[in-house]
Amino acid sequence: MKYGILIVSHSADIAKGVKALISQAAPDLSITIAGGTDENGIGSSLEKIQQAVDDNTGDEILAFYDLGSSKMNLEMLMEMTDRTIHKYDVALVEGAYIAATLAEVDSPLATIEDNLKSLKIK
Amino acid sequence: MKYGILIVSHSADIAKGVKALISQAAPDLSITIAGGTDENGIGSSLEKIQQAVDDNTGDEILAFYDLGSSKMNLEMLMEMTDRTIHKYDVALVEGAYIAATLAEVDSPLATIEDNLKSLKIK
Amino acid sequence: MKLELVDAKKWINLFVEKLEKNQTDLNELDTAIGDGDHGTNMKRGAEAITAAFEKKDPENLSDLYKATAFAMIQKVGGASGPLYGTAFLDMSKAVKTDNLELGDLLQIGTDGLKRRGESDTGMKTMIDVWQPVSDALKVNKFDQKVIDNALENVKNLVATKGRASYLEEKSKGHIDPGAQSSAYLFESLIEIMGA
Amino acid sequence: MKLELVDAKKWINLFVEKLEKNQTDLNELDTAIGDGDHGTNMKRGAEAITAAFEKKDPENLSDLYKATAFAMIQKVGGASGPLYGTAFLDMSKAVKTDNLELGDLLQIGTDGLKRRGESDTGMKTMIDVWQPVSDALKVNKFDQKVIDNALENVKNLVATKGRASYLEEKSKGHIDPGAQSSAYLFESLIEIMGA
């Protein structure tokens, strides 16, 4: 099982930066991002999330988000897709980093989720 | 007392995005950022942190960071400066957002720190 | 009472009008206790609704609510997008088989808001307008006073959901922007009910 | 034993040489349990040390260690920057008044690492090389074997500080990149001590 990582942020820059940061530690993972609104303003876009899910080549997807509307749009997408997406209510940057580090070395989901527990803040 | 916000991240994009995100909720605060290495690679730069502290016009500074070297460089700078900097071991994006929201409406430090407590993950 | 297609269309069109007219006011409310974009967000949604209706005139209630939902979901960009979107999508599904009583229909929308927002009344959100309006319609007591009371009530609440919740006590004394945009929705309803 | 300026200069220059030669190896170690940049980081630091010495040839031990510290702090860009930087800065301060015994001096550097990293021995970091080397020097038993043993030991540890700590058990069986670059530092020391 190879997990993919999905980053949903209000900001296209944050999403891009998180991808760059975690790619360093997890170069073999599929990491796709949805940042900002359709017009790249601050906000979220279901279409971008949809695209990022479609583009993600992971067997299952570990998803991270920042604030309210990112979460709601992500949940909306989860109701619409048949991909398996695990959504985590944890610190965006730090959670995605740890999950990616562990997924890179083929850690089982239980280990990843165990490590994310202490980052739960939402 | 008007607080300033300082964002220290491994990524210039993350730092820029966090600033854009929290500026929306806190347009009146001084928010300065230090993201990436001197060459804008992934990493941290004491010089950028120094500059961001110098540029921050807050009376005191609330500082947020992502990972290891951002933290150590921030602490290094704190030993060198005579500005008052409060460093928080909390989720970067979410912590900075909440702190900025509260600082914007002139909440006292105790209230801000109280709200950050549940975001402590480091 | 039940709404027929022609009136429902007028309802949504009036809502769109009000959103476009009151963009600045909604932004200002959101500036006080949020990120200042609720007017801009809803304006984007309003334009998308108009565009959708122009592209394809809805032929039944279900299509009308669905087009409204999709426009909101796709174009709003803030929390209100998936919220209004879910409400109208659930309403669209509900009217598919049966033109429900308006109070029951709006209750389904309200339940959608609660599900999407993981929230309930008393949290200083749009739900605090949707719920009393649904309740009033169910007992045929819906009028402007219901909306006015709801807004008055929402103003005095401390937010426990959405961005405003970070402000805690300081969120008190402000009208929630989503509650205000919902007030426009239901003031539009009064206008077409009266007509 | 104590180090005089001329030998200390040779020491640091040899370290710089080894860092430049072994950049790829350090990156590979960091790829296994970190973010793959330790070699690149230390190479940047090494070049900055050379540049600093060329700009102003250090006139005493304190200046030498200070220039080394500043180069690391300013140019490395990773955790190893403030770590090596703090170690050398503390050493620079310590030798200002007194040319200390090398074991005592390196202990001061090691303590600097611990302070900056909020860490200690056994956490699978560079400290696991610095501490045994300092200890051995204090009792005049420092040789290549001390370094080899330290690296062997560090390899079997589970990381509890730094990025590798996220890997937990899986960090075992890998040499910590910072421990390896520190090994280069102290192998350089052996070379100049033997000469």
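Letters A, B, C and D mark the chains in the order given here, with residues in each chain numbered from 1 onward.
Just so we're on the same page, a contact is a pair of C-beta atoms (placed from the backbone, for glycine too) under 8 Å apart; a residue touches a chain by one contact, two chains touch by 3 or more.
Every value quoted in this text rests on a predicted model; they were computed, and no experiment measured them.
Asker: If you tally contacts for every chain pair, which pair is highest?
Answerer: Counting C-beta pairs in contact per chain pair, the top pair is A-B.
Asker: What whole-number Å value describes the gap between the mean CA coordinates of chain A and chain C?
Answerer: Comparing mean C-alpha positions, chain C is 30 Å from chain A.
Asker: Could you work out how far the Cα centre of chain A sits from that of chain B, in whole Å?
Answerer: It comes to 23 Å between the two C-alpha centres.
Asker: Please compute the C-alpha centroid of chain B, do the same for chain C, then give the distance between them in whole Å.
Answerer: 36
Asker: What are the residue numbers in chain B that touch two or more other chains?
Answerer: Residues 24, 42, 67, 97.
Asker: I need the residues of chain C touching at least two other chains; which ones are they?
Answerer: 35, 37, 163 - these are the residues of chain C that touch more than one other chain.
Asker: Answer with line, ring, star, complete or other to describe the graph linking chains that touch.
Answerer: Its topology fits none of the listed shapes; call it other.
Asker: Considering every pair of chains, which are in touch?
Answerer: A-B, A-C, A-D, B-C, B-D
Asker: If you look only at chain B, which of its residues touch chain A in the complex?
Answerer: Checking each residue of chain B against chain A gives 9-18, 20-21, 24, 35, 42, 66-67, 90-94, 97, 118-119, 121-122.
Asker: Considering the complex alone, what residue numbers of chain B touch chain D?
Answerer: 37-38, 41-47, 67-69, 72-73, 75-76
Asker: List the residues on chain A that touch chain D in their complex, please.
Answerer: 24-25, 27, 97-98, 101-102, 105, 107, 111, 115
Asker: Spell out the part of chain C that touches chain A in their complex, as residue ranges.
Answerer: So the residues of chain C touching chain A come out as 35, 37, 41, 73-75, 77-83, 85-86, 116-117, 162-163.
Asker: Show me the residue ranges of chain D that touch chain A in the complex, using the header's touch definition.
Answerer: Chain D reaches chain A through residues 34-37, 163, 166-168, 170.
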